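What follows are several structures.
What follows is chain A paired twice: with chain B in the first complex and chain C in the second.
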Partner chain A sequence: MKLTMLYSFLKADIEEVEKELSQAIHSDTELLKDASLHLLQAGGKRIRPVFVLLAAKTGQYDIHRVKNAAVALELIHMASLVHDDVIDNADMRRGRTTIQAEWNNQIAMYTGDYMFARALNYMTVIQNPSAHKILSDAIVELCIGEIAQIQDKYRFNQSTRDYFRRIKRKTALLIAVSCQLGAVAGNASADIQRRLYRFGYYVGMAYQITDDILDFTSTEKELGKPAGGDLLQGNITLPVFYAMENPEISSRIKKVHEEMPGEDLKQIIDDILKTDAIKRSSAISQRYLRKALDQLDEIPQSKAKKSLRDIALFIGKRKY
Partner chain B sequence: MSDKQSERWISQTVQHILDQIHHPYLHASIGQPEIDMERLSLLLLPFYLKNKYTNLDQSYVSTAILIQQALDTHEKVSVTGESHRIKQLTVLAGDYYSGLYYKILSGIPDIELIRKIAFSIEEINEHKIEITSAHTLTEDEFLNSLTKIESSIITSLFIHLGYDEMVPLAEKLLLANRLKQEERSFAQGDDSSLFYFFKHGKHHIKTSDYMTAYKRLIKKISREIEYLARELNLPSTTKNLPIFSSFYEKSIIYAEEG
Partner chain C sequence: MKLTMLYSFLKADIEEVEKELSQAIHSDTELLKDASLHLLQAGGKRIRPVFVLLAAKTGQYDIHRVKNAAVALELIHMASLVHDDVIDNADMRRGRTTIQAEWNNQIAMYTGDYMFARALNYMTVIQNPSAHKILSDAIVELCIGEIAQIQDKYRFNQSTRDYFRRIKRKTALLIAVSCQLGAVAGNASADIQRRLYRFGYYVGMAYQITDDILDFTSTEKELGKPAGGDLLQGNITLPVFYAMENPEISSRIKKVHEEMPGEDLKQIIDDILKTDAIKRSSAISQRYLRKALDQLDEIPQSKAKKSLRDIALFIGKRKY
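So, the complex of A and B:
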């Protein structure tokens, strides 16, 4: 089943968001418009807007108001992707050349900054100060998380607490805030806003852990990059922590460096796969998903609630 | 306004900004950002004239400096020769400062200013891209782009706070500063948008005429600054502010205090 099938009743509203996204990146400066369109047309799951809309359905839903938060969240995500591609020196994203590869770093930086500003412009339609407090706190935390990821590279003596804090900032927060802002924009009760924040947070944690597992269990074709790429770049993820409980594997993992030959890395990946690291990481991901589903218990039955539940389950089962 | 008071407001604001952006790892790796004192003193000018500077005013001024810091930090990303890690952290530092400015304005809260500043950032990035295609621009268009790039944030803030009369002077001062910076870059053999424009602009000029063209522009803008400063009746004490340091020697006429 496709992810989009899980919220098919939102089709018209998702199209409205998509239309608004195209308008959002319109600029009289041709090059800027081309660069922004280049990324927009590459598509994407638009999972953050979907969470915003579904969460807003728990309150007084008005697409003309809520879509502003949905567009803002997606633009912030897109801006971070453009800058991430500069950070990673990436040539391809979603099967297309990146902005920095198609043009250059400078254009990519300007485009990212422009998209971020457009996002804030859309957000200001939401006049509720707490919505801005929530989003701005999350953006700062997101940056701190990305900086921490660089700081923690190849730091093999870090703790799982460092890992969980890092993935919270890097991934879970923006999903949590998407759900919370949807609820705020829909004027849902404070209790529902809190529950949806926690739902998004747990789903985000499960999503990132699954991503980190797939980095070892998927093929290069499925991932669009070589397996074990995260480890090669020095990112210590949950399966690596568990595998390092074995002293022999631990000493081999500690030798990983950026220039490590593919054969040596493959040997280490095989070693990790022979342990129970994947199984245990999967169990943690499932535990987060259960917690996410628990948050939905007190929310009244609706199509939106069913979709939120189905998306969480979908994320838990995804293979790539 | 006394010199002591202006120094106190400047140092308090600098400390406030440094407290906001404090990040030990980031700054150990890429260095502590340098606060642009000329820009800061320009931002403080209306408060000097009013002789009042509240904590809220300080938040506004800090915000404008943070945004500029964010944009300037991202300008360094295209500079070649940096290590990959430094490049990564430079991108993130700019994003971090951007987030902080949004956080400060959300905390006030001033949603209207968030909107105006966001519009300025859009405008600045559009003009930054415009000047990369110098061959399509006339001198006026090029200078207009440079003016917007340098002053859009400050002028948005001045207008928001009701200091509209300061806008023309701020625009000219920041444009002149930018041109001087361009000349320094050119002299050091670094990239310069201005000299690139001289070479590739719609009405490109010979290399031997570059300095004449540069001096003509500086002279014209300095004259405009002199006029605007006189119109605003600035007290003579403002001549000690960093933003005026290079123009004071060029005999800007200030009104006598009192």
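So, the complex of A and C:
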């Protein structure tokens, strides 16, 4: 089962968004175009545009209007990825070299800025003042989340509360806003806008927790980067908190540092996998997914609603 | 004569903007607050907010409304400075250590992103859809200008056309947009909006050319950073183009590289100062200023108009 099958009726519209994305990052400045295209062509699930379109379907759907919000959300996501890779000093992303590996940190920074600005450009087509407020509030939180993540690196005495707040800012809010702005672009009722926001938020939380689980349970081939990379970077995710309840494993985890040899890291990953950390993390993820599905209850039946439900369920089961 | 004396009747309103700026960058995230405050407290001319307020005075002036645009423009300017310092690997800015020197590149990048996002936040208070389009278009150009500047570094065979396009994107557009958005926030007529945009554009061009001249003619104490820094970084400014018309000086300039000893650089600066490069650059700057003043002709007499005129004249004479 592939994710794209869950919204196959949107195929033509997703292609429209994809075409618009290429146009969005087109620039006469060769270097900028190359760097942006490099990232765009690496692909990605385009899950934010999908949420925008599906949410818009709950109102008056006009692809020529709503695609602008879809492009904006994907560009902001891509901009944040580019800036993330600078922070993480990442060489690979989605199985390809990163912009900062291919060019350098400076180019990566401005390419991110450029994508970010182009996103705002696209949002102006949705002539709705609250849309800008929603989006800029989310971006502010996104930045705070990024800084918090830097501050929290290798800080092993933090709490799961720090973790949940971090993934809310880093991931869940932008998915929440994707759903909300889709509903706004489709002129759906305020009630539906709110429900879809919460749906996106819960799905986003579940999505990120799953991502953090997969960083331990997937192979390098599946991830497009080495397993355990988050931990190696000092990014303490949900399974780590649970595994650290075991004092022995905790003391070993606390020794993790960026230059740790791959074999030592592998040993620690094996330790974590032997605990109930993955199972408990999955249970939390499932709880968020149930909350997400609850939000859909009061929304009228439709193909789009079914897709939103199926995607949530899919995220609960995804293996990579 | 101090610049601030030219708009002393705005003193209370500028203080209001300054207060709002502090609030704008307030964050519960300690690191983010510290980094942003570090830059804010370094001061600066706040010339963009001044242009916003003065332009708004040509319409219906309401400080509680227009201050949001003023804060937004200054934040975008500050964000671009932070990102600039990362590119330039600058240690000093406005006589203080830079964020990237005090913390690191990553913090500087996200602090810039954060200020940028907060700026958008503030713009949403001006409920005018075209305001967002004006601003995001300018930011896109700003990013393209930044990337172009990286590409053009140490590229000694570029033309003055490249230079003018670069400073348009890097400096003039944001000042043009400051004037334009001030007029928009004050609901001034479309004609006045256009005239003030052009006024800002021409002033911005003159301002940047003067800045580029001062990089050669000022002392380290006046600049808050070593003289000739632009050239050392490979940033080819207007006086350099003119000086390079002398083949001997040209061949010496072409040897400039980032690690060049200070004494060698000083020799090259002296060479440039011996040519007519500064005089010719000043003449171009003056020509832009005259064009700026022409734009004010059709705008009704007022204190604000007098200030705009005086500031333009001041920029033509400024020594640091």
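As a convention for this text, the second predicted complex is superposed on the first by the 320 of 320 C-alpha atoms of A that agree within 3 Å, B and C clash if a C-alpha of one lies under 4 Å from a C-alpha of the other, contacts with A are read in each partner's own complex, and residues count from 1 in each chain.
Rule of thumb we're sticking to: a residue touches a chain if its C-beta (ideal position, glycine included) is under 8 Å from a C-beta of that chain, and two chains touch if they have at least 3 such contacts.
Everything numeric here is computed off the predicted structure, so don't read it as measured data.
With chain A as the common reference, chain B cannot sit beside chain C without a clash. Looking at the shared chain after the overlay, A:A283 reaches neither chain B nor chain C. With both structures placed on the common chain, the touch criterion links A:F116 to chain B and to chain C.
Once the two complexes are laid over each other on the shared chain, residue contacts for A:H132 go to chain B and to chain C alike.
By the touch criterion defined above, A:I144 reaches both chain B and chain C.
With the contact threshold set out at the top, residues 27, 29, 31-32, 83, 86-87, 105-107, 109-111, 113-114, 116-118, 120-121, 123-124, 127, 129, 132-133, 135-137, 139-140, 142-144, 146-147, 150-151 of chain A are in contact with chain B in one structure and with chain C in the other. Those residues of chain A that touch chain B in the shared complex are 27-29, 31-32, 80, 83, 86-87, 89, 104-107, 109-111, 113-114, 116-118, 120-121, 123-124, 127, 129, 132-133, 135-137, 139-140, 142-144, 146-147, 150-151.
Those residues of chain B whose C-beta lies close enough to touch chain A in the complex are 23, 25-26, 70-71, 74-75, 77-78, 84-85, 87-89, 91-96, 98-100, 102-103, 105-107, 109, 111-112, 114-115, 117-119, 121-122, 125-126, 128-130, 132-133. Residues 27, 29-32, 83, 86-87, 105-107, 109-111, 113-114, 116-118, 120-121, 123-124, 127, 129, 132-133, 135-137, 139-140, 142-144, 146-148, 150-151 of chain C are the ones that touch chain A when the two sit in their complex.
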